[in-house]
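Both complexes below contain subunit A, partnered by subunit B and then by subunit C.
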Partner chain A sequence: MYVAVKGGEAAIANAHALLADRRRGDRSVPALRIDQIVEQLGLAVDRAMGEGSLYDKELAALALVQARGDLIEAIFLVRAYRTTLPRFGYSHPVETGEMLIERRISATFKDLPGGQMLGPTFDYTHRLLDPSIVSGDVPEPITRSEEPSRSPRVTDLLAHEGLIEPDFGTADPTEDREVGDLTREPLDFPLDRDLRLQALARGDEGFLLALGYSTQRGYGRSHPFVGEIRIGEVAVEFDVPELGFAVNLGRIRVTECQMVNQFKGSAKVPPQFTRGYGLVFGQAERKAMAMSLVDRALRAKEFGEDITAPAQDEEFVISHSDNVQATGFVEHLKLPHYVDFQAELDLIRRMRAEHEAVAVKEAAE
Partner chain B sequence: MNAVAQYNFAYLDEQTKRMIRRAILKAIAIPGYQVPFSSREMPMPYGWGTGGVQVTASIIGPQDVLKVIDQGADDTTNAVSIRAFFAKVAQVETTTHTADATIIQTRHRIPEKPLGRGQILVYQVPIPEPLRFLEPRETETRKMHALEEYGLMHVKLYEDIARHGRIATTYAYPVKVEGRYVMDPSPTPKFDNPKMHMSEALQLFGAGREHRIYAVPPHTEVVSLDFEDHPFEIQHFEEPCALCGAEQVYLDEVILDDRGGHMYVCSDTDNCEERREAGHVGVLGTPQEAAE
Partner chain C sequence: MQTASSIDNSARKAALDALAAAPTLALAALWDAWADKPEHTKVRGPEVGLVMVRGRAGGGGAAFNLGEASVSRASVRIVTGEVGHGYCLGRDLGKAEIIAVIDALWQRDAASVEAEIIQPLRTLAVKADQKLRDEAAATKVDFFTMVRGDN
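This part shows the complex of A and B:
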């Protein structure tokens, strides 16, 4: 006697109880504290904040624990919370030229005003597993001996000579247009660069990394140089209508990458370098670099370049860069599809029966 | 962090609901046309019904009675999950009975019982664009809709006939709405297409990940695309439901053993239960009293 499967509700409750149990793991091991994650898994927190599009370290850390360390799941948790928050307005653009710098490097100049500063980087570490991290001595905290000197952005230095296109690219700076907001308006292709950059800033690091890499291997080559990467804190200023002036809301840590790319020039514009831009919450150098490569690739149309590679294809890149959307749709394949599958089964059986009938008939002839 | 747990009635804030309602009204005014809307992240993944959930959240009121089905069944896990979500964030009454529901959110099926005036059927839509698999670019498909250029779709259906001797689309079978827009009925089996035609209920379609809402108002023409010499036809099952003996309904195949044994049962679980309660018994079913 067949009994239709029942009890989805109980199964879900049981599954969630088991998930909570496995998340906590061995009870004799102390539970992770949020501050431990904020302090010691800072780059994971940064990625959850960046792709979650919400600058809140504690919530990102909570999301990471709740997601058992699954970054995309943590990003999803942050996004789902973010979308419920009221929108007060928009801050002024952050002034990265005024950044309190912790790391700043340029690959295009040996030395430059403000100097090169390696900062807390994995670069030049030898990738040898180091057991002393968990058992060894803890060195004294390092504090900066002196205030960093002002470091003008490399692109601003180049701009003095007109060697590089201006910040706003080929857009008309006198045109008074509002910056779009992809979280409030549906994307309407083709996009302007402001919306593209927003999408890239919250885009999946792995996806952008692969696309950026592809441009280096000839799929939409753009001759990039790292003009500058800078990591540090910038002030966020917000206009309060009642006051009539901008108020400093606090500081956020960001990573900015300015890629300097070749451009031949045209009849109207003398030869100048072009730019790819990346700006990401927290310390996220790989992401910022990949973002700036992809930003430049996506500007192909603006510069009249042939669109031949995936990284240059705006609809392809932007429609698939969001990992919360991507993971949802890929994983939805595990939901039941038996109604549609039944329709396909029915069709394939009919087609096979016809095929067989023809074969039998031919054999008889 | 206590503030995290505080949500508005039906989860979405009123501003967002208003934005979605505007999109719905526009969709109703232009049947079959895909209206872009600013889809929100929902607390369930994209691709799991976020479009339908946002539509339902925007139209539901405290007096509504909600039914949620997935694959025709009320007890599939995702249907259970979405029903529980609305029971929690909107405290609405829920039901499994098609006739009692004012709003029915569905994935992949239309209930067998004809829907009546005042009922709203909310479809969860994965890919709203019927032309998407013929032309991946939104900029292109938008133009094709604007120019009513649907030749490509007919070519696709014709190629099916040339290759397989029949139209090989069995679900998400394209329809033309009110003689104008070609529309994806969401991946319902083509068996359900005729139910959309001149329905008394309002049919709303939400695609969250793709940021689109579209609608078929009551008493609207919905015609499945076909050719004069290859008219549209729905699936026919050789046997009736093994539990309730229903014919002319959509059936699921259930595998009984590893020797090819199988049976067919109603996909619409509510319809099947009501029939059995009314005394209908299939070949493998037991009379309702005996089963108690």
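This part shows the complex of A and C:
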């Protein structure tokens, strides 16, 4: 029997009013402004944009305030908002080799054309809490006069010697393939690398971090080195149909990680370094590194490697990397399941009655 | 061979690039200073939508969809008949509309628009980029090798 239960409207309305109150907190403390979030909690904004899969700092900041700082809730809000907007089209692929670089490091080459720039990094800080930052008084950054110069991607340097697999990997660069879009078509396993990269770019940082870590600890070992990490701004070129040519819509900040991994070769191809790739909105180095580790692990089949570890299992990884989907299914458990549970109660009562009957019968024999 | 229209297009593109890259306040200030603003009617928008931003595997390999960005756009017709189109990242309807009007004006009188709006914006952009570059350059690592003594 299906029983519809209604009720709780007043409770829900009052709960939302209470949520609004708790979100605002003590009224004698000034309310947060969106520009304060954008400027001073920039990496939280970046994460909400990256995993929300929508580059818009003000929207991500609003989502963070509305979610009381709960990142996954904020990401959910950003994802919900994007569904209300029309899609104008697809950009040209961003050219990370032409990036206006703010940070660029390599763990494989000391002397790179363009140099190594630490940029605004937490690395080498002592991780000691510093109460003095709340004063807000910070001197202007130090500058060093620098001519614009080219900073080629490290992987392009190695590629010229043929020591590393090319950007296209084992795929055919001349093949004109349609680019998969998981926001338009449901995922159908096995996936091509383009769809995996899209899923990883919007995937949960914590999940990818743990999986990347697992590959380092021996679950799908791939011997990684950071070929290069670069953070900075890239231009978004978009073909405007009414103009008949492409316009640069502006620049977005991205983080790119080139992971260089141990060798593969075949009868035809001499041994080469293999690669994993990470590209994420905003300044998100940990995420980009984790993404590149997982990207490489998921290429196991392409290289004919044994699939033995969770990080190499495409369906497992990609089906569980989206934190909005994950939170939806986990959190739905708290919604009323009264009827389902009633059925289970009936079942267990019957099982116990049968169990008792058998026990009584055995005692009698 | 470059045709006259392809030269035109590349100059118009360069102007639209500079307008889209402009900070809203700087663009608004330059537009305020423009003496003879034409009446215009809206042909489309201004409206907000999304562009799916693409990347390439490995940086230069097969394309993939990285994620979307919010984009504003507008199309306007000015009294003299030219139709202008404005596009920029972000949700800034006013900026998209100003860009569209300036694009229409550019088709009528490119020289004035270049001199009074586009060039000042380029100067600003070059300066802002140079500041970023110089700040990053100060964090460049100068490696040196420690020579170990014999004893």
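Methods note: the second predicted complex is superposed on the first by the 349 of 365 C-alpha atoms of A that agree within 3 Å, B and C clash if a C-alpha of one lies under 4 Å from a C-alpha of the other, contacts with A are read in each partner's own complex, and residues count from 1 in each chain.
Heads up, the rule we're going with is that a residue touches a chain if its C-beta (ideal position, glycine included) is under 8 Å from a C-beta of that chain, and two chains touch if they have at least 3 such contacts.
Here the structure is a predicted model, which means the values were calculated and not measured.
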Combined model on subunit A: subunit C and subunit B, fit or clash
fit
Return first, second, both or neither, reflecting whether A:Ile12 touches subunit B, subunit C, both chains, or no partner chain.
first
After lining up the shared chain so the two structures overlap, which partner does A:Leu345 touch, if you call subunit B first and subunit C second: first, second, both or neither?
first
First (subunit B), second (subunit C), both or neither touched by A:Val324
first
Now for A:Leu195: first (subunit B), second (subunit C), both, or neither, which partner does it touch?
second
In the superposed arrangement, does A:Pro336 touch subunit B (first), subunit C (second), both or neither?
first
Look at A:Pro186 in the shared chain and tell me whether it touches subunit B only, subunit C only, both, or neither; answer first, second, both or neither.
first
On the A-aligned overlay, A:Gln36 touches which partner chain: subunit B = first, subunit C = second, or both, or neither?
neither
Report the partner of subunit A that touches more of its residues: subunit B or subunit C.
C
Answer with first, second, both or neither: which of subunit B and subunit C does A:Val247 touch in the superposed model?
second
Classify the contacts of A:Pro86 with the two partner chains as first (subunit B alone), second (subunit C alone), both, or neither.
both
For the superposed arrangement, tell me the lowest C-alpha distance between subunit B and subunit C in Å.
8
Where on subunit A do the contacts with subunit B and the contacts with subunit C coincide?
58-59, 82, 86, 183
If we count contacts the way the header does, which residues on subunit B are in touch with subunit A in the complex?
1, 4, 7, 11, 13, 36-43, 45-48, 50, 70-72, 75-81, 84, 107-109, 126, 136-139, 164-166, 168, 170-172, 187-191, 209, 211-212, 235, 237, 242-243, 250-254, 256, 263, 265, 267, 269, 284, 286
Under the definition above, what is the set of subunit A residues touching subunit C in their complex?
49-50, 53-56, 58-59, 82, 85-94, 96-97, 100-103, 110-111, 115-119, 121, 141-146, 148, 153, 155-156, 166-169, 171, 173, 177, 179-183, 193-195, 197-198, 201-202, 232-233, 236, 238, 240, 242-252, 254, 256, 258, 275, 277, 279, 281
Complex contacts: residues of subunit A adjacent to subunit B
1-2, 4-9, 11-12, 58-59, 62, 76, 79-84, 86, 183-190, 315, 319, 324-325, 327-332, 335-340, 342-347, 351, 354
In the complex, subunit C touches subunit A at residues 9, 12-13, 16-17, 20-21, 47-71, 73, 75, 85, 87-91, 129-141, 143
